[in-house]
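Both complexes shown next keep chain A, but they swap its partner, so chain B is in the first and chain C is in the second.
The block that comes next holds the complex of A and B.
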């Protein structure tokens, strides 16, 4: 190799390396180290939750036990459930996805590296906030579901505020990671990887990512609404003020049911990846498995009310959810049979991953069958809130998710660490886990059918379930020991295990084409992939292959002084552009710290500090958005000439545009949930507005909303001016939109300030102000975005067709149209609907 | 770089993606609509209004289900027709992904059509009221 090429390779390697020291570690943006961080942190939380479970089972080992007080028991099971579901399951999945997905699709990193860093800190700070409640002696005690009114201000202490605020931070991080994963999969696939060639794991993560966007957002909204109730006296859930406790349940379970499939689908992706490697065959019925994934992704949103069968809702709508619950079992069944068919006639080695897969079949299918049972209303009426349900969900979650993920850890440890996992420790651990699991949870079905409720700190001897509970406790000790053995074994292997080859299992997917562990850039030269199993098949040698190879060669150890990966089109995997990727920065960390500060201020009821820190957060986010790529001119021009692809682009060729689409999807979900909440409260109220309040006046609101509509019309013409490159019209038009938006905001604020009721008056007041407040904040954000774009145009004097400016303008446009639409919907709902309906 | 051949015209791209996602979107509309009609209609007492022996709530549910079945069946049909046409035409490696959307989409949409139909069935046990 000539010296110049060697020098370039070294520069390329340096560009992707993490800066040294603690600051470098904090500022890390590479997906793989951050993915490891997510997984390690989540496994630490997992171990804490396992210890809490041991404590619970010790309390329940014998009847009439008094090891724990009832109050302490409530706090223990709350933290156990919350930790497992919020701080372990989804973060672990996201960490695994952040690590593996770019490798599977041949990308060097995820779409928004700084956001990955931000998401991790939000997750860590959120989890620590929840546990910080221990230092106040007021640990959350309302269960992982936090039903109102138990979680309301009347019946819960400050521990719930730690829970709500901590959870909100975790959710923000989780939703951000989901946007990353979805946009990465859609736009950063390697040349040739059309949608028909995506590995099953990638499909499952795409589905889970989209589900997180639409599923987590209602929970984020619900936690914020509950915190508004607890801190500021809003009345959404207070039945004495026209509120409704069931509204919390609806919002919660609209998240809660998809949540379990968000956990399950990536686990099925892991199985669909490992099983072909174990058998040496392609997965049978690949298309049917994707049908199953897609059906699960959609239909999981249609099951939520099956958690509320005993809430007193009408039978007819409940039956729709029973029907949907049966249908989703078909989807899971398709996958199970596809796996069995893949195994059929093969001779897989009985390695630790294989053992966990067999364990999955036994445990998950058991749990799935009991799921169909509880989906039947009359049966559910008998077993709801008993240990039967506890047994069911542990079967599906541990069997359906933990077992596959442990299989995955053994399978991919060589890729993570460069070392093989020890089989002996793994087998011992598996034995303890499998036996322990069945002894813990199978008796619980019987205990539940015999009438022992869940979430009770003890039970009387006369109930006759003492022996079964004792057996269950012994099983739990075995289960906990097994987890400890497995995790310690994995840690030991990662540190001192036998060195692994790059592809020790003859795997078929792209992650095995990299060294173990991979280089900092992931792929020094992007691969070309035109099959679902690219390492098992030689690609066709046609014109397309030549073009794709040329594009990949262009990125071979290039560019050398900045980070980049290829953008391809969503459907066919044809290269469209080169995406600049930002390097390490402390900005995301400081932003997460500022948000933590906001939440702590709210916890301490210091709202002035909360507002000040919110402004700081906005400033920090604004700084993120305004950092332009700093590309050395000469190198950039030479690179662009070589690649024959745009280096900086706009519209659907950029990840930024797709990220804005994701943001709008999130805001749309918030709006939809608020509208639903408005009409739900209306439904169960005898009069509306409640308590004889007057209808909100139109005299003030009509002009304000008229201004908003006018701004939408102006923005439409701005969009046309942007397309034809008319800078002069754009400057005036954008200024007009900013002025109209600011005028709307001021006008509607004045309106709200002069309403004859407040958010604390009753539930009507709370939802009225919250819905209109959401619109105000959205429009304000739009004004800032639009104002920022206007400032950029004025200060930098760029031509309109400059890619970076175009992207700003396109994103501001999209956001503004959404803000106007949201305003119109809110206006019709809050001002017009009460006059008509 | 021959990117142009990978970028279909918007109507054709819309047709491919409709053939892929149309059934799922129809299902989403269906479930949310029948839930809202079911709970809101039953709790508000709207089922007291009866026409031709069938309650207003039941009528709305039936109409909502028929409306949902239309795009679901259409997506299935379009996907099927496009898949058959693609099978007759010469393969184009630049458009393989688009073809996949149609060939894979129609069985997917057929499943969603079946699910919409099954989820509509409970209304026939409650034609007179909630």
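The block that comes next holds the complex of A and C.
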């Protein structure tokens, strides 16, 4: 190798390396270190929640125990559930996905590296906020489901504010990570990896990512609504002011049920990856499994009311949810039998991952079948909110998700750490976990059938469940110590284990084509992948192969002075462009700190500080969005020449455009959930507007919304001007849109300020102002985006077809169209519908 | 801590698999049917897994997509469609029937208010119904969401603050059944229970007659003193005794003397436990809204005697 090539390799590596020191650690944006950080943090929270579970089981070991007061027990089980579901399960999945997905698809990083960093800090700050309630002595005690009105201002203390605000931060990080994962999967696949060649794990993450988008967003909205009710006196859930307590349950379970499958689907992806490696053969029925994943993702949004079978909703319509629940069981059945068929006659080695997979079958199928029982409505009337349900969901969550993830930890530790996981600890740990699990949770089915409710700090001796509870508690100790053994063993192995070869298991997917652990860039040269099992199959030597190879070779240790990866076509994986990826920066960390500041100000009811800090957050986001990639001219020209692909691009060929699409999907979900809330409240109200309030006036709103529509029309012509590159028209058109948008905002603000009622008047007022306030904020964000694009045009004097400017124009345009549409929907809903319907 | 008490195990009776009414009986049957069907599904699946791992590789005879489709989709679909139809029929069956008796139950923070709108009787934490008569329970919560559940009679129903919900149950024969709040309501949710007593028709008539009488003014000096304590020491700020006070913040005490339990099903009702409860409910039911009292021993004795005398 000649010295200049060697020097370039070193420069390439330096570009990808993490800067030294604590600042470098904080500023880390690369997916692999951050993925591991996510997983380690979530496992730390997991251990805390396991300890809480041990405390609960100790209290329940004998009847009429008084080790804990009811109050303490309530707080302990609330934190156990909240930690497991919000601070362990989903963040762990996201960490695993952030780490693995780029390696599986041959990408050097995820689509929005700075957001990975931001998301991690939001998650950590959110988790710590939830636990910070300990210092006030008011730990949340409304359960992980936080049903209103129990969680409302009248019946819950400040702990619930910590819970809501911490959860909101975790959700913001989580939704962002989901957008990242989805866009990465769609656009950053390595040359040749068409959609039909994606490994099942990637499919399952694609589904889970989309589900997080549509599932977590209603939860984020619900938590914000409840916080508005608690801090500012809104009345969504207050039955004394026209509110509805069931609205929370609907919004919560619309998230809560998909949540289960958000956890479960990636776990099935892990199984579908490891089982072929163990058996040395391809997964049977790949297409059916993908159909099953898609059906699961889709149907899981139609199940939420099966958590509300006892709420007294009409019987026959509720059976629809029984049917939907059965349908999702079929989808799981297909996956289970696909794995059994893959195993058929293969004699896999009984390594630790295999043991956990067997444990999965034994436990998950049991939990799945009791899930079908619980979905059978008349039976649920009896077992709902008893220990039977507790047993069921621990079977599906521990058996269905934790077991596969532990199998995955053993399987991928060589990649995570460069070292093999010790088998001994794994086997002992598995034994303790498997035996402990069954002794903990199988008796719990019977305990539930015998009438013991869930979420009770004690039970009377006459119930006759003392012995079973005692067995369950002993099992829990074994289960808890098993987790400790496995995790300590993994930590020890990661630190001192035997060094691992690049591909110790003869795995077939791309992560095994990298060294253990992988190079800082993931792939110095992107692999070409034209099969689901690229390492098991020699690719055909055809024209396509040489074209793909040329693109891959072009990126071999290049570019050296900035981070970049390939953008390929969504369906066939043909290279389209080179994506610039930002390097380490402290900006996301500071943004996360500023958001934490906002939330703490809300907790302290210091709303002036909250507003000031919100402006700071906006400024930081503005700075974040306006940093331009700075590519060294000489290298960029040579590199572009070599690649024959654009280095900066716009539209569907850049992740920025897809990111905006994701943002709009999130806002659309918020809008849809608000509209649902509006009509739900109306459905249960005798009169609308409530309490004899007048209809909102059209005299002011009609002109205001007229301006908004006009801005949409102008923007349509702006779009055409952008396409033909008419800079003069664009400058004027965009200025017009900004002015019209600002005029709408101030006009509608005036209208709202002069309404004869306020958000505190009743639930109608609350939802009216929230829905219109959402539109105002959306339009305002649109004005800022559009104004930013306009400023850029004025300041930089670039031609309209400059890729970066194009992207700004396209994104602000997309956003504006959405803002106008959202405004119209809100106008029709809040101003016109009460007059017509 | 009473770790060593587990030795004397009690046989469980108050559960859904020991039904005492038609709804619970049908649901218990559903359970056993499902246990058999899904138990077989479970065993067959596990057997297939073991078989798959035990047999030797024979290329060519390996199951493919067709096996997955049939075993994982077609057969389960047949089973689940049958089970779904059964569930639909059961649901319709369980919703049938015209109620012959009405009870209105309102849940408060950790106790149940019981009203008999047709009889004009108000009570707490104890529900009396005629056996063999389908009873309509009109359920509503005063504050947070609770749930109403008598395992031996049938399923549960949430008690919402928004609007009443209804549950229809019937006890086949006379008897006493345990009921609880099943929706987590914080505080001493675990200790929020009630008793339901089903009577034979004549016995129920007698009960109604007894309850319809207004309690007589006591003449025994001890009871007179107890009544004064009740009025002077603030008890009546929360508790109603017909003819004496009206508040429903705490349970109605008009018939507390004959009640089987205290503290909403927490402890059996006896002279000692009643005195203990009045002295300090917080040791018996931590978090209960009833504060501890600071009565002199004489006053406590008089108050207990008075309350015990209420029929």
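Assume the second predicted complex is superposed on the first by the 837 of 837 C-alpha atoms of A that agree within 3 Å, B and C clash if a C-alpha of one lies under 4 Å from a C-alpha of the other, contacts with A are read in each partner's own complex, and residues count from 1 in each chain.
Convention: a contact is a pair of C-beta atoms (placed from the backbone, for glycine too) under 8 Å apart; a residue touches a chain by one contact, two chains touch by 3 or more.
Small disclaimer: the values here were computed from a predicted structure and weren't measured.
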item	value
Partner chain(s) touched by A:572 [first = chain B, second = chain C, both, neither]	first
Partner chain(s) touched by A:337 [first = chain B, second = chain C, both, neither]	second
First, second, both or neither for A:287, with chain B first and chain C second	both
Which superposed partner A:684 touches (first chain B, second chain C, both, neither)	both
First (chain B), second (chain C), both or neither touched by A:644	first
Chain B versus chain C as contact partner of A:316, first or second or both or neither	both
Touching partner for A:549 - first (chain B), second (chain C), both, neither	neither
Partner touching more residues of chain A, whether chain B or chain C	C
Intersection of chain A interface sets (partners chain B, chain C)	287-288, 315-316, 319, 322-323, 326, 684
List of chain C residues in touch with chain A within their complex	1-3, 5-6, 9-17, 24, 26-27, 30-31, 34, 38, 41-42, 45-46, 48-49, 52-53, 55-58, 62-65, 67-69, 71-73, 76-77, 80, 83-84, 87-88, 90-92, 94-95, 139, 143-145, 147, 149, 151, 154-158, 160-163, 165-166, 178, 180, 182-191, 286-287
Chain B residues touching chain A - in the complex, by the definition given at the top	1-3, 5-7, 13, 16, 24, 27-28, 31, 34-35, 38-40, 42-44, 57, 93-101, 104, 107-108, 111-112, 115, 118-119, 121-123, 125-126, 130
Residues of chain A touching chain B in the complex	194-196, 287-288, 290-291, 294-295, 297-299, 301-302, 305, 313-317, 319-324, 326-327, 540, 542, 544, 547, 550-551, 569, 571-576, 644-645, 679, 683-684
Partner chain C, residues of chain A touching it in the complex	61-67, 69-71, 74, 141-143, 147, 149-150, 154-156, 239, 244-246, 284-285, 287-288, 310-312, 315-316, 319, 322-323, 326, 329-330, 333-338, 340-341, 343-348, 358, 361-362, 365-366, 369-370, 372-373, 376-386, 449-451, 453-459, 461-467, 470, 684
